[in-house]
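In what comes next, subunit A is part of two complexes: it sits with subunit B in the first one and with subunit C in the second one.
== the complex of A and B ==
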C-alpha cells in the first residue's frame, strides 16, 4: 500500500504544478493599446539598404519614411518627405526635401541625410543587398564594379545643392524613377548610423511613426509610438510588439487563444476553417507577388521558332481556376498577365493582357502543342524548390492538368528540389533544361518592376535568358515617356509581346492573408501584404 | 579513478576533432550556395556575393576554411553567421539556456515519474496496475510527439484554458511545463519499462531474499537493495537521453514556439549556415560525451563491484 500512497503523492504534486502554472499562465505582456503581432526573425541586419525580405521590411516600414510613400490602399506613390521632384528630360532630377522633419533622436533631416545614405548603400564595400537599386544612378559602375574594388566612394550622379535640395543624374532616361523612391532602400539615415554603426544596429533610429524600444533577437521586438512624429500618418495605437514565430500554425493557435492580436500569414492547413474561426476578421487580398513557370530560353530546344506555340499551348493546358480553388482555397488568383492587381490602374495593371493563352482550353492546347512540333523530347519536367509555399502540390496539379489535356500520363513530371538555396543555384547557373518556377515579389508598385528585371535582355533576374528586341525597345521607350500613363501604355504593349512569345507562363497572383483578434479594428494590408500597423486601433 | 577520468577526457579530443570535421564537410557538401540564397527571389549581384564570401573567408580552399574555423574555435570564436553577421557564439548563448531549462525540466520529469511508475509496476508485476502502466507506456511510445503536443495544446490551452498554448516567456517554468512533459513523454515510457523489467527480475534475486530474511524493513529492501541494483540499465539510457532531449527538441520547440537549440539548428540547416550548425552540433557532441562519462562513473556508485583504475 505504501507504493500506492507514494503514487498518489506524485499525482498530486503533478496536478498542483498543473493548476499553479494554470494560474500563473496567461500572464502575457502587452499593455493596453499595444498590438501584439506575429513576426519572423529577419535573416539580415536591419539596415534599410540591406533588407530585402518582408520580416525586416515590416520593422523598417514602421521606423522609416522616405521621399515617397505608397498609399496603403491604392499603392500610388505619394510625396512624404519630398516637397517636389522635378525633371525636364526624364534623366536629371531635382529633389526638394520638406522642411520640419527630424529623426527620432532630434537630428534634422536634410538633403545630406539622403545622399549619404544612398552613397553608403551603393558602395560595394558596405555589402548592402539592395545596392542594385542605385544602379540607375550615374556613377554606379565606379562605386560598385562587377569585379574588383571600387574606384570611387560616392555616386557621381548625386550632388547636394543646399540643405533641402539635391540633384540626381540617372544613367538613362527613366521617367517613373521618382515613383520607385518609396522603397525602403531609399530611406534617409541619421549621422548616428555612420558614427556608431554597432549601436545603431542594436537599436535602430529612424524617422517613422514608431521608435524601437528593445530588440531581443530571435524572440521579439518592442516598438512604441513616437509622440513627436512630424508626419501625417501618426500611429493610432500606443505601440507594437512583434513576436517571433517559426511555425505559422503556432501563431494561429496563439491568435485563437487570445495571446496574439495579429497574424499576417494564415497557415494553409487552416484555410478551410479560417472563415468560421475569424469571420470578418480575416483578410485575403492581392499582394504584389506573381508565380510563373519560366522556360529556359537559352536552350535551343525551347527557343527555336515554332516553339512559341508549344509554350502557349502548355499555358492553355493549365486549369488555373481549379488549382487556385482546390489547393489554395482562393488565396491565389488565376493570372491573366505578368504583373499584379496590387499595382492598381495607376501602377499599370491591366487584366487580361495574356488573352486566350492564359485561359484553360484543353483541346486548343493539345492542337497548339501538336502544331508546334510537340513537347521537346516528348515530355517535360517542372522544377521548383519545395521547402515553402506548397510548391510540390501545385506542380503535381499543373502536371496533372497538362497530362489530362494531352491525354498522356507521362507528358509532364515534377522535379522537386529540397532547398531554395539549391534551386536558386541551379537556375542562376542555367542548368535547367525544362520549365522552372519563377516567383517575383515587387519592390515598388510599378509595372516596370514586373517586366524589366525579368524579361529585358540580360536583366538581373531574367533566368530564362529571354531576349526580344521589340520588347526591349518598348521598355526603353516606356522609360523615356514623360507621363506615367503613357509609360504604362508602352509597358502594356510590351506585355503583349510576352503573350505572343510566352517566355514564362503566368500562373497566379499571390494574395496576402491576415487574421486579427477582437481587440483590433482598422486592420488593412498594404500592396506588399504587410499590415499597415500605424492605422490599427486597439480596444 | 582520477586517471580514468583524465584518460576519458583526453579521448574526447580526437572525437571532438573528428566530429567537427565531419559536420563541417557535410555542411559543405550540401547543394546550393547560402550566400547566393540570401538574395531570395530578387536579382543577385555577383560582386556583392564575392565580397561577402571574401569577408567571411568562404572563398578559401576547404582545408583552409576548416583550419580557420578550428583555430577560431580554440580562441572561443565560433565563427560568424553569413546572413545576420552575428557571432555564432551569441546565437548559441541565446538558445542554449532556453533548451537546457526545457531539457532539465523534461529530464527531471522523466526520472521522477518514470522511475516511480516503473517501481510500482515492477513490484506488482502482472497485476492490474502493471497492465495499466504497460498500456499507458505503449500509448506514449506509439504516439509521435507532435501529435501529443498538438493534443495537449488543444486540450489544456484551448479547451480548458489552464495553460498558455505557447511559451511566451522561457524563464517561466509554469509555461515550460507542457512542452517539457511532451518532450519527456517518450523517454518516460522507456524509463518506466526499463525500471519495471529490471525491478521485477531483481525481485526474485537471492540478495533480495536475504535482505528480507534479515528482517530489514521493506522500505530499505526496495529503496536501497532493489532500486540500486535495478537502476544500471536505466542510468545508461538516461545518459544518452539527456543529449537527445537537448538536441532533438526541434518538433516540440516548433509547436510551442520556444527559441531553443532545436530551432537554431533547423533554421541554420535551411539557410546553410555551416558555422552555426557545426558549432551547435559540436557542443551537443560534447554534452553526449560528458553524459556518457558520468554514466560510467555512476555505474561504480551503483554497483560497488565495478572499479575504475
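== the complex of A and C ==
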C-alpha cells in the first residue's frame, strides 16, 4: 500500500506541473501588434553558417543582415551592410562596410565581425554545414581539408585592412561572387558568439530588425522588434511569434479560426477552397523553389553503372502534369530542368534542359528500367517529411504513377517521416537507401546556386553524394567566366550532364503560397517564398 | 436483459454448473452444460444474429475480396477519377462509393481493407488469449512465488499506456506489416486476459470437484486442462470477444497516426487519415472507411456483449 500512496504523490506533482506549464504555454499569445505565423522546428541550433534549411533560414533572415540583401520584390542583390564591393579582376575583392551598424547588444559591426564569422564558418573543426560556401576563398583547402585536420585556423584569402574594409582573394575568378553575399552564411557575428557560444546559441544576438525572445522546441519561437535597429527595413510590427505546426492542415484551420495570422504553406487539399476562404488574402506567386527526388548515390545499389537508365526511367514514369494539375491545382509547374523559372533568362534559367527524361512516357520508362537491370531490390520507397508541403499526397501519386508504368502495384511505396527536422537529420546523415525528396529553395537568384551546392562533389547540400568530374569541371569553368551570359551557358551545359546521369529527378517548380488573417496588411512573399516579416503591418 | 425470466432457472455461478453436469451423466439424461445453455440463448438473441451475419460477411470479404469488386485497391487514376463523387445508384460497382485523392475506388479499398483489420483483430485476440490465458492460469493455480512473479510482470505491462507503448514499439520497425502490428498489440495487450484468467482460476481451484479430482490422484496437467480450464475460460472468452473489436480499432488508430500499417497494405485507418484533409471537398473519402471501421468494431462488440449475456448467468 505504501507504493500506492507514493504513486499518488507523483501523479499530483505531475498534474501540478502540467497545469503550471499549461498556463505558461498558452496564455500570452496574440498580443497586439504581434504576427502569429506558422513555422516548423529548425534542424539545428541557429548558427548562420550551420543552417541550410528553410525553417531555420526564416529566423536567421529576421535576426541577421549581411553585406547584401535580396530585394523582397525583385530578388536583385542590393547593398545592405556593404558600402561598396570593388574588384578589377573578378578574383580580388575589396569590401567596404557601412558605418553606423551595430549588433543588438550594442557591439559595433566592423570588417572584423565578417572576417571572424567567415573564418569560423570555414574551419573544419566547427563542422558548419555551409562551410563549402567559403570554398571559393583562397586558403579554404588549408582550413577545411577533405580529410585530416586543418593546417591553418584562418582563411589566407581574407584580411582585415581597417575597421571598415577587408579584402577577399578568391581561389579562381568568380564574377558573380558579390551577388552571393546576401546568403545568411555570410552574416557577421558578434564577439559574444565566440566568447560564450552556449549562451549565444540559447539566445542568438544578431543585427537584423528582430530579437529572439524565447524558443520552445516543438512549440514556438517569439521574436520582438529591435527598436534601435539601424537599418532601413525596420520592422513594421511589434514582433513575430513563429508557431510550430506538424501538419499544414492544422495551421490552415487555425488561420480560419483566427488563432493564427499567417500560413506560408497552403495545404494542397485546401487549394480548391482557398480563394473562397481568404479572397485577396491569399498569395500565390512563382518562387525560386524546385522539388526533386534525389538518389542516394553513395549507395552502390543506386550508383553502379547502368543504373542511370533506371534513374532516367523512373523520371519518365512520373506523370508530372497529372499531379500538378489535380493535386496541386497548378500551384506547381512540371519541371523541365534542375533550376527555377524564377531565375529568369538573366539568372540562367532555360526550359527543357532535362529533355525527354522529364517527359512522361510509361512504355519507354518501363523499357529503360528493364534495360538498366530493374529497380534495385525489385522495389523502391520514396521518403519525405510530411508535415509541410502536402508531400504525402504527391508521394502517393508518384508511386502510383511509377506502379502503373511498371504494371506492378507494389513496386513503389512511400515512407512518410513526421517532421522536417527528423527528415533532414536522416538525409544529412545519409541514412537513405532509396530515393528521397530534395526540395531546394534558392539562397540567391543565380543558376550557380541551383547546381553547385546540390550536385558538385561533396558540396554542402549534395546529400545523395553525386560526383561527376565532368560536371565539376563545367561548374568550375562557369564560375571563372567573366560575363554572366557565358557563365550561364556553361552551367546549362552542366545541367545536360545531370540529364544523362539523373542524380535527382526534377519534379516540379513550386510556387510560393501563403494566406493571412484580416488583422494583417502588407503581407508579401519574397522570391524565396519566405514572408517578408518586417514589412507586415498588424491591425 | 431480455432473457431475465428465463435465466433465473439456471444456477448462479460457473463452477456450480459442473455439478449438475456430472449428475446428469449418471442419470443418463441429456446433460445441459454451460455451453449448450449459452448457445441456446445466443441463437435467440437478435443482437447475436445481426453481429454474426456482419462478421461472416467480413470474413468472406477477407478471404475472397474479388467476389465483391473487380477494381484494384491500389490502381489510381488521377486524371479521370480524382476525388470523384459517389454514384450510389451503381451498387457494388467500382464507382459506387466514389474515388479518393489518388483516383482509387473507395469501394475496392473498403473491401480489400477488411483483410488487414480482420487479420489483426483475430490474430491478436488468439495470441493474447493463448499467452495471457497461460500466464493467468499458471499464476492463479500455483500461487506463491510464481503468482507474485507473473502478477508483477502483468502489472508492469499493464502499466504501459497501450497506444503510447504500441507507438514506441512500432516506430522501431521499418517495415510494418500486418504481423508486426499484431505483434505490437499482443506485446501490450495480453495483461487483461491474464488478470481475468487468474481470478477465474483462483475461484475455480477451491471448488469441490477440483478437490475431489486431487483426492482421486489426478495429475496437475489433468486438473488444469480437464477441470479448471473448461470452467474458468468463460469470462476469458467474453473479454476476448469484446477486446477483438478494440484491437481492430487500435489498428485503425495506429494506421491513422501513420505508425500502424503502411503502404502497400490497404487499411481503413490509412484511408481515414488520407481522407481527413479532403473533408471539405470530398467528405465521402473520409466517411466510408470510417463507417467501415465503426461497423466492424460494433459487430464484434455486439458479439462480445451477446456472448457475455449468454455465459454469465449473474447478468441475467
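The rule we apply is simple: the second predicted complex is superposed on the first by the 318 of 539 C-alpha atoms of A that agree within 3 Å, B and C clash if a C-alpha of one lies under 4 Å from a C-alpha of the other, contacts with A are read in each partner's own complex, and residues count from 1 in each chain.
The definition used in the following text is that a contact is a pair of C-beta atoms (placed from the backbone, for glycine too) under 8 Å apart; a residue touches a chain by one contact, two chains touch by 3 or more.
The structure presented is a predicted model; accordingly, all values stated were derived computationally and were not measured.
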Which partner reaches more residues of subunit A (counting touched residues only), subunit B or subunit C: B
Contacts of A:285 with subunit B and subunit C, given as first, second, both or neither: neither
Contacts of A:79 with subunit B and subunit C, given as first, second, both or neither: neither
Which superposed partner A:102 touches (first subunit B, second subunit C, both, neither): neither
Touching partner for A:159 - first (subunit B), second (subunit C), both, neither: neither
Which superposed partner A:94 touches (first subunit B, second subunit C, both, neither): neither
First (subunit B), second (subunit C), both or neither touched by A:256: first
Subunit C - residues contacting subunit A, complex: 72, 74-76, 78-79, 82, 101-104, 258, 262-264, 274, 276-278, 280-281
Residues of subunit B touching subunit A in the complex: 30-34, 36-48, 50-52, 55, 83-86, 90-91, 94-95, 112-113, 116-117, 119-120, 123-124, 153, 156-158, 161-166, 168, 170, 172-175, 177, 218-219, 253-257, 259, 263, 266-267, 270-272
Footprint of subunit C on subunit A - complex, ascending: 249, 267-270, 272-273, 319, 322-323, 326-327, 386, 390, 392-393, 396-397, 399-401, 403-404, 409-410, 413-416, 418
Of all residues in subunit A, those that touch subunit B in their complex: 2-4, 6-7, 10, 14, 17-22, 24-29, 41-45, 52-53, 124-125, 127-129, 131-132, 144-147, 217-219, 244-247, 250-251, 253-254, 256-257, 259, 387, 419-425, 428, 439-441, 443, 453, 459-461
